[in-house]
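Pasting the structures here.
Here subunit A shows up in two complexes: once beside subunit B, once beside subunit C.
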Partner chain A sequence: MEILTSSELNYLKKKLNREPNLLEKEIVGAQWSEHCSYKSSKKYIKLLSKKGDRIIKGPGYDAGIIDIDNGDVITIHIESHNHPSAVEPYGGAATGVGGIIRDIISMGTMPIALLNALRFGHINSPFASNEIKTSIRTNNELHSASKWLLKNVVRGIADYGNCIGIPTVGGEIEFDESFTNYCLVDVAAIGFGKRKNLIKNIIQEDDILILAGSSTGRDGIHGASFASKELAVENRSAVQIPDPFMEKLLMEVTKEAIEANILKAVKDLGGGGLSCCLSETSANLNKGFDIDLGQVPLKYNDMAPEEIMISESQERMLYITNKDKLKSFAKILEKYEVPFAVIGTVKNHKNLVINKNGKTIANMPSHLIAYAPLLNRNGKKPKYIDDLRVKEISVTPPHDLNKTLLNMLANPTIASKNWIFQQFDHEIGLRTIVKPGITDCAVIKLNNNKFLAAKLDGNSKLCYHDPYQGTLTCLSEARANLISAGAHPIGIVDHLQFGNPENPEIFWSFKKSIEALIDFSNFNKIPVVGGKVSFYNETKIGPIKPSPVIGMLGLIKGMVGVSQIRPSPEDTLYIIGITSDNMGGSEYYEFLRGVKGGRVPPLDLQTDLNNSRIVLKIIKEQLISCSHDCSKGGLAIALAEMAISSNCGLNIDLDKLPNTCERLDFLLFAETPSRFIIGTKNEEKLENEFAKCKNLKYSKIGKVMNTGDNITFMAKDKKIINLEMKNAKRYYENISSIMKNQ
Partner chain B sequence: MSHREFNVIVTIQNKSFINDPEGETIYHDLILKNQYKNIKSVRTAKVLKLVVNAKNPLEARSSVKKMCEDLRIFNPIVSDCQINLLCDNNN
Partner chain C sequence: MLKIGIPIFPGSNCDRDIYHVLTKFYKIKTDFIWHKKDKIKNYNAIVIPGGFSFGDRLRAGLIAAHSPIIKEVKRLGNDGVPVLGICNGFQILVESQLLPGSLIKNNSLNFICKWTDLKVRNTNTPFTSKFKMNELFKIPIANGEGRFILNKAQLKEVKKKNQIVFSYHNDDPNGSIDSIAGITNEERNIVGMMPHPERTCQSELKLFGLTNSAMKIFDSLIAYIKK
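For the complex of A and B:
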């Protein structure tokens, strides 16, 4: 494996005006990997709207910082650990959580919540379409990995968060054949702190660099460039082993040192190890570093300088303080028994100088290392997109809609995620206001009667059919989830995951996804506070589907109006928004009918905003008792979820629904965005409120019945669906049944 | 040839170049703190003791190996899996 491409090597030679040595090439190679340098994507990420009254720091830092008044701040970051998790799901997922927690600590805030978004190949489901069943049968070996990956990824995330005492409060999961024998593991962490305690990141000559935490070993060597290549067997030694207890100690050390005002700069060690950490810190803070590599605590004495510089051993942090405070800092580190070493000093030159045994073994300008030459990648619209859009699809209407709804409820992408979040300690820290599954998003208590709502959303099937509309739909869904809980959106984080960017068709999809982010964020004035790009997500059967994952944060002031999805008996149900019969990329087509293609439901930004505004308003005015967004699986699934969560039956009249659908199955399962279902006992006041809104499409669609009643859908005075609650529940718990014997 | 019972020991541990935080914690926080300075390192492992019906030692070993691989008892990317026959129960 070449460390640098020939043009990168020539650029480096020209800038250095000499031949770089092996160590220098390794340092630059780690930093210029796609994973660390964003060399393909940076030009486009820069176009994102980062401005907002609340934004203290936007993208480009370890975590975004949002001001939430009263001197309080929230930090958020999202990252993936796809490649490591695909080969070692337990360790890969756990170290992914570890990395994101250290990003939050580096800003001077303490992590208070974790979320995750996961994607796997199909796990065996007897309720899927014949096409999926056949694929699972014929590629049994590849598919058997999916359950193993799911089980161990969830265990890895749970163990790390649970050990360290940070609640995992929410998540999102999708199953699709494009992730067969692979997985996407995105984790997000939210931090909370005081604005005055944020790390200032201002350093002076003769300040001291301290490396603390685990000693440096051979684990994860070439991890960053590993994540920037397609998965190949020979790369598989790049796995990392988690040690959550060391991470917890680092958290405590940082917290105490911040309170004692000891730290001038903090940076975690992640992808690219010391190389990236030192060069980025040096370049960002505009100072040089003289490093004595001989001081770095090692696991093995015979490690070569290249190995020390690019090792990705986990649970390590870099701290910078001045000479006077070094003693007090050492005392804190010793108290927590965290191994540490002084590894260098800050200099006024602007180079990263690596010394060992009194000799300089690498010396390059930090800016040169930290800023890779950016690439101009070509984009070309994939032919398949137009083919899928205009494809003639003939799907016969199902005879038994009861069975159709049950099978849809059993679809692992839709079914209850109980089996997963039961493994997470979602309440530790005592900030979790609502448990997973109760609202559309997580709600965490802050202070001064403020609450934070958070959600991650993604939809690879829609993004495959149309990356622009698909990404808009993810953004709309994330906002709808926050709105359904009564939160006002304050920031977006994005994680854009694609295949090999050297393929112009994949790069085109990436650009479309960014365009959607820019349009949504500008139109709605919700700034992007951070993000990450992950390319080279390729499997044995080709690239993954475009998988942007959107995270959104919302603020709730005062507990008045935190809404739940659970209705109460006798509630009258309304729908806001119109249902159209664009079925492309829907779970109904793909999971149940085994069909790809068709038009993706378009999203109108103005309607989406208007509908969100009215829902937020009626929640704040306490006119409704429950609310739920309509997304994957459509109206029928949203209503069934509400019924299951309350254990109460429903009686829905489909004839009353505002729609342009020609068929009942489309009406039930279309995934048209910008729709909400709400329940109320205040019909009159609610309708008065609705009447004030121009162009609002809404209608009364039915009633919540009593405990134990059936879920009933009527059309033309006929019961077209009449489900027993216990039957619905049994299908909805399909993931538990599948994983029970794993 | 009739089947006999064999005691098979399966030892799963992280590969030598992969970290073992559990072993390190035992070493630093228990052994060294209690002054057992002659002990130089600790590596932890998972041990499965199996009783296997097989025709001969070779078959006992290969059937256990197959089982460990089929059921993903260990991840070959992270761990080494040693399979040892303890003794022949009939002896």
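For the complex of A and C:
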């Protein structure tokens, strides 16, 4: 494997005005990998709107920082660990959690919540379309990995988060054939702290660099480069080994040291190991470092300098303090029995100088290492996009809609995620006031009667059909989820996951996704506070579908504004928004009917904003008792979920519903965005409020019955669906049944 | 002045939650006590918090059970001071042999975090006096090794001596013998339990159909030490 491309090597030679040695090439190679340098994507990420009154730091740092008044700040970051998790799901997922937690600690805040977004190939489901069943049968070997990956990824995340004591409060999961024999593991962490305690990151000559935590070993060698190529060969040594116990100790050490005002700068070691950590810190803080590599605590004494510099051994942190405070810092580290070493000093020369046994073995300007030459990638619209849009699709209407709805409820992408989130300690810290499944998003208690709502959303099927509309829909869904809980959106984080960017068709999709982010963020004035790009998500069977994952944060002041999806008996139900029959990329088409293609539902930014505003207003005015967005699986699924969560039956009349659908199955399962279902006992006041809004499309659609009643849908005075609650629940728990004996 | 001690080990992670409950809700002076301390003052009660002490290395609670602070907890326990172990705290009390039995992996082999229904089976401890006999209440669990086991002779013994304090009602989430969720020593001053009473403290839970009744465990303790 070449460390650098020939043009990169030439650029490096020219800048250094000499031939770099092997160690220098390895250092630069780690930092200039796509994973660490963003060399393909940086130009586009810069276009995202970072402006906002609350934004203290935007993208480009370890985590974004948002001011939430009273001297309090929230930090947030999102990352993926896809390649490692696909090879070694337990260790890959766990170390992904570890990395994101260290990013939050590095800012001077303490993590208070974790979220995750996961993607796998199909897990065996007797309820899927014949096409999916056949594909599972014929490629049994590839598909059998999906359950193994799911089980171990969930366990890896659980073991790490549970042990360290940070609640995993929410998540999102999708199953699709493009993730067969692969998986996407995105984790986000939220931190909370005081503005005055944020790490200042100002250093002076003669300050001291301390490396603390685990020893440096051969695990994770070339991890960043491994993640910057397609997954062709399983490279297990590139996967890191998790130790949540050490991370917990590092967290406590950092907390105590911050409270004692000891730390001048903090940086975690992640992708690219010491190479990236040292060069980025040195370049960002505009100082040079003299490093004594002989001081780095090693797992194996015979490690070569290159190995030490690029090892991605986990649970390591770099701290910078001055000579006077070193003693008190050492005392804290010794209390927690955390191994540490002084590995270097800050200099005014702005170079990264690596010494060993009194000899200088690498010496390069930090800026040169930290800033890779950016690439100009070409984008070209993939041919399949137009083909899919105009494709003639003939799907016969199902004769038994009861059965159709049950099978949709059992679709693992839609079904209950109980089996997953019960393995996560989602309660520790006493902040998780609203448990998973009660609202559309997680709601965490802060202080001063403030609450934070958080959600991750993605939709790779829509993004495959139309990366621009698909990404907009993810953003709209994330916002709708926050709005449904009564939260005011304050920031977006994005994680853009694609295949090989050297392929112009894939790069085109990436650019479309960024365009959607820019348009949504500017139109709605919600800043992008952080993000990450992950390319080369490909295996032998091809690239993944474009999979941007959107995270959004919302603020709630006072508990009165929190709504839940669970209706109460006797509530009258309304829908806001029009249902249209664009079925392209819907779960109904893909999971149940086995067809690809068709138009995806277009999103109108103004309607989307108007509908969100009115819902937030009626929640704040306490006119409604419940609210739920309408997304994957459409109206029928949203209503069934509300019924299941409250254990109350529903009686729905479809005739009055605002729609442009020619068929009942489309009306029930279309995934048109910008729709909400709400329940109320204040019909008159609510309708007065609606009447004030110009162009608002809404209608009364039915009534909540009593505990244990059936879920019924009427059309033209005929009962087209009549589901027993017991049956609906059984299908909805399909993931538990599939995973029970794994 | 009344004072409660919270022993902490590397890897304890419910320590701040307990501290929050005792200081904010009951206004009791509370100290964190680092595990290396081999001489502690006389506390009115000790609460050993949940977490993963020493990373659950070897076996949950085992290493912590051999730390200097536990010798002191034993001394106070023998003097009749109330000691409560929650989750990992319960595992430590069992490993220290202050309580009978063992805690092993849940029968599902998974970590489980959810709300369960508990039944009070002994109101004659410093932690249960505010409950009625057989009272049912809701409380969350969060553990991977919460399956409580005893051999036949031990089970007979704890039943005879009325040492079972709480049991799971209807649904036993981890497969514990006799659905035992909490147990006491013969003297009734030391109680270990897997569920987390401190997680029921927030008043907002009521808005979402949950109750704060597990807080009676702390109500009982505070009333007891104030007597």
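Everything below uses one rule, namely that the second predicted complex is superposed on the first by the 741 of 742 C-alpha atoms of A that agree within 3 Å, B and C clash if a C-alpha of one lies under 4 Å from a C-alpha of the other, contacts with A are read in each partner's own complex, and residues count from 1 in each chain.
We adopt the following convention: a contact is a pair of C-beta atoms (placed from the backbone, for glycine too) under 8 Å apart; a residue touches a chain by one contact, two chains touch by 3 or more.
These figures come from a predicted structure and were not determined experimentally.
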Touching A:I438 in the superposition: subunit B (first), subunit C (second), both, neither?
-> second
Could you tell me if A:Y336 is touching subunit B, subunit C, both of them or neither one (first, second, both, neither)?
-> second
Which partner does A:A158 reach: the first (subunit B), the second (subunit C), both, or neither?
-> second
Check the residue A:V239 against both partner chains and state whether it touches subunit B (first), subunit C (second), both, or neither.
-> first
So, does A:K25 touch the first partner subunit B, the second partner subunit C, both, or neither?
-> neither
Is A:E88 in contact with subunit B, with subunit C, with both, or with neither (first, second, both, neither)?
-> first
Check whether A:R218 is in contact with subunit B, with subunit C, with both or with neither, and answer first, second, both or neither.
-> first
Of subunit B and subunit C, the chain that contacts the larger number of subunit A residues | C
Could you look at A:Q564 and tell me whether it touches subunit B, subunit C, both or neither (first, second, both, neither)?
-> second
Is A:W148 touching the first partner subunit B, the second partner subunit C, both, or neither of them?
-> first
Shared subunit A contacts, counted only where both subunit B and subunit C touch the same residue | 243, 245, 337
Residue positions on subunit C within touch of subunit A in the complex are 10-11, 13-14, 16-17, 20-21, 34, 51-52, 54-57, 110-115, 140, 142, 144, 196, 198-199, 201-202, 204-205, 207-208
In their shared complex, subunit A is touched by residues of subunit B numbered 14, 17-21, 25, 29, 72, 75, 77-78
Could you please specify the touching residues of subunit A with respect to subunit B in the complex?
-> 87-88, 90-91, 148, 214, 217-219, 236-237, 239-243, 245-246, 299, 313, 337
Any idea which subunit A residues touch subunit C in the complex?
-> 155, 158-159, 162-165, 243-245, 248-249, 252, 335-337, 421-430, 433-435, 438, 445, 559, 562, 564
